[in-house]
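Naming follows writing order (A, B and C), and every chain is counted from residue 1.
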Amino acid sequence: MADFSFWVIFSNLLLAARWTVLLSLIAFISGGLVGVVLLFLRTSGVKALAWFVRIYVEVFQGTPLLMQLFLLFFGVALFGIELSPWAAAALALTLWTSAFLVEIWRGCVESVPKGQWEASSSLALNYVEQMRYVILPQALRIAVAPTVGFSVQVIKGTALASIIGFVEVTKAGTMLNNATFRPFLVYSLVALIYFALCFPLSMLAKKLEGRLNVAR
Amino acid sequence: MSPAETRPLVEIKDIRKSFGPLEVLKGISMDVAQGDVVAIIGRSGSGKSTLLRTINGLETFDSGSISVDGTPVIGGEKELKALRRKVGMVFQQFNLFPHLTAAENVALAPKVVLGAGAKEQAETAREMLEKVGLGDKLGNYPSQLSGGQQQRVAIARALAMHPKVLLCDEITSALDPELVNEVLRVVETLAKDGMTLILVTHEMRFARDVGSKLVFMHHGKVHEEGDPKTLFAKPGTPELAQFVGSIG
Amino acid sequence: MRKLDFSALLPYADALVEGLIFTVVLTLVSTLAGIAVGTVGAWARTSGPRWAGGLVAAYVEVIRNTPFIVQLFFIFFGLPAAGVKLSEASAAFLAMTINLGAYSTEIIRAGIDATPKGHWEAGLSLAMSRFEVFRHVVLAPAFKKVWPALSSQIIIVMLGSSVVSQISAEDLTYAANFIQSRNFRAFEVYFLVTALYLALSIAMRAALAALGAKLFPKV
């Protein structure tokens, strides 16, 4: 009996974990794309654009992800734009992710020595070309470790989608708990699944960081 | 010089120490009497620092024995604490605590270890800093002092615990040449006042003029020891002769 | 499209203020407790016995690799099954403390690791015990070094605290949920509350910077 419900719980959680993984991937990839665009705006040298990105970052990093979700899910609905939990979660996580990634990457771009900009502009490269051929390849090397590290935050962030009814691991856990009344077991397993997803990435980030420091 | 019937203040007997496969101290024995000023010289890597650091337990040793004022040097936090109350140390890099003023640096150990009250702390700090000629720098942070001044604060800090013996490891090596003398003068005064000193130094003139005993270390052994003036004038071994010659 | 009407929030000003106070107090208290946990954790990691260091390392990894909301649910729903029953507020406090404790362990540890070996040796040579050196010599400069990182983490934890509304702890987000269930003005409520959180994080950043400058003066 006890064993039966353990396996039922565990297998259901694993099934739900697919959606955690999928949502994480979507948020991370689309957040990364938006982040790249923001990065270009931020480092373009055009004051207005840079300021826009600054405020964007301030707002998304300075407010709870949960509020961003609520605004998109409950708030926007009142204007007739009906978003599914899926869409709201994906959109909110994308915006939130991009705000962190652009800051991480900006730090990496800025750590490329000034002389590189000067040298490349003296070669008559325009801004996009400079970024594309000179700055980004160098910044990329530094950016890998913190970017991988941030992917852990994204995975953990997807847990909030449960609150607007998107059935991923955490929501599945709540539902299973309501059905089995075994909260200790259920939430231990939920935690375990997140740990299994996040810990390898954390280790990878640490390893990459270490390798970079040795290379320097 | 020291009376034969009294026990030496620091007794080092056949100390051996290896770092992995590298044997750094290969059986060192040495007696230091109350009031001695021992200058240890030798090439880089000959084990001078390691020897000094075994005396106050910063470095362990593999065999042999050391005792200071009758207290054997053995592991264990309590034993080490007791030992270190008798042994002060001054470092090449000063190692002042950056978040504390000169006076606070000096008064910290009396406060923490001896439980000195505020008034006693202030008195100790003033007395010790005056002794090293820094009575006007009580409130300065280390970053607001020159290298020579910082090193003098470090000496005052060690003195505040009233050690029986003071260990100095190349305490002028990190200083600009023009600041070396102010530190050496302080050490000389200490020597004159009867402080027992064991110094690792590259200042040959100082070793000769102030030292009461010279120890030349070579490949982890005491290669030669004796009266500084005699040894500098007439080295007994080609190695010392070469070393003294190379330093100039 | 309907019109925005922020005046519909006015009758609920009290609820918002109460929620805001709850969030601020919860953050303040769990920040203090979390940093205390982090300091002890960092001591164990850097200078403690091996078993304690290992235990703390495991704690840090478990917390950093699981979502806060799951930690909160485990404490609030899971622990009673193991005989530990907590009120909403104390479960929220405990979860936040444990969470910040793990992150600050790592942050403070980085500061301790950056302490020059010579400072330890100088302290030990003055007959201080390892703990005394840690307490009087190492800790203050280490905190000074990591204060910016610690401040950021505190703000992250404050923002993360909005999740405690999900166990009915009556914080700012709880107030927002309550109000929108009454007046159906979800956008206005969440917009205002989001702005309040933003103001709070900006204010906290300034306050923490000022506190840092006071606690760890530049010399």
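One rule holds in what follows: a residue touches a chain if its C-beta (ideal position, glycine included) is under 8 Å from a C-beta of that chain, and two chains touch if they have at least 3 such contacts.
Computed from a predicted model, the values in this text were never measured in an experiment.
Novice: Kindly work out which chain lies most centrally, taking the average of its C-alpha atoms as its position.
Specialist: When every chain is reduced to its C-alpha mean, the one closest to the whole-protein mean is C.
Novice: More contacting C-beta pairs: B-C or A-C?
Specialist: Ranking A-C and B-C by C-beta contacts puts A-C first.
Novice: Counting in whole Å, what is the centre-to-centre distance of chain A and chain B, each centre being its mean C-alpha position?
Specialist: Inter-chain centre distance comes to 56 Å.
Novice: So what's the Cα centroid distance for chain A and chain C, whole Å?
Specialist: Computed value for the inter-centroid distance: 21 Å.
Novice: Please work out the Cα centroid separation of chain B and chain C, and write it as a whole number of Å.
Specialist: Taking the average C-alpha coordinate of chain B and of chain C, the gap between them is 46 Å.
Novice: Inside the complex, what are the residues of chain C that reach chain A?
Specialist: Going by the criterion above, the answer is residues 1-2, 61-62, 64-71, 73-74, 77-82, 155, 159-163, 165-166, 173, 176, 180, 185-187, 190-191, 193-194, 197-198, 201-202.
Novice: Given the complex with chain C, which residues does chain B contribute to the contact?
Specialist: Counting only chain B, the residues touching chain C are 56, 58, 77, 80-82, 84-85, 87-89, 91, 93, 95-99, 108-109, 112-113, 141, 143-144, 154, 157-158, 161.
Novice: What residues of chain C sit close enough to touch chain B in their complex?
Specialist: On the chain C side, the touching residues are 116, 118-119, 121-130, 132, 136-137, 140-141, 144, 216, 219.
Novice: Provide the residue numbers of chain A that touch chain C in the complex, in ascending order.
Specialist: Those residues of chain A that touch chain C are 58-59, 62-68, 70-71, 74-80, 152, 156-157, 159-160, 162-163, 170, 173-174, 177, 182-184, 186-188, 190-191, 194-195, 198-199, 202.
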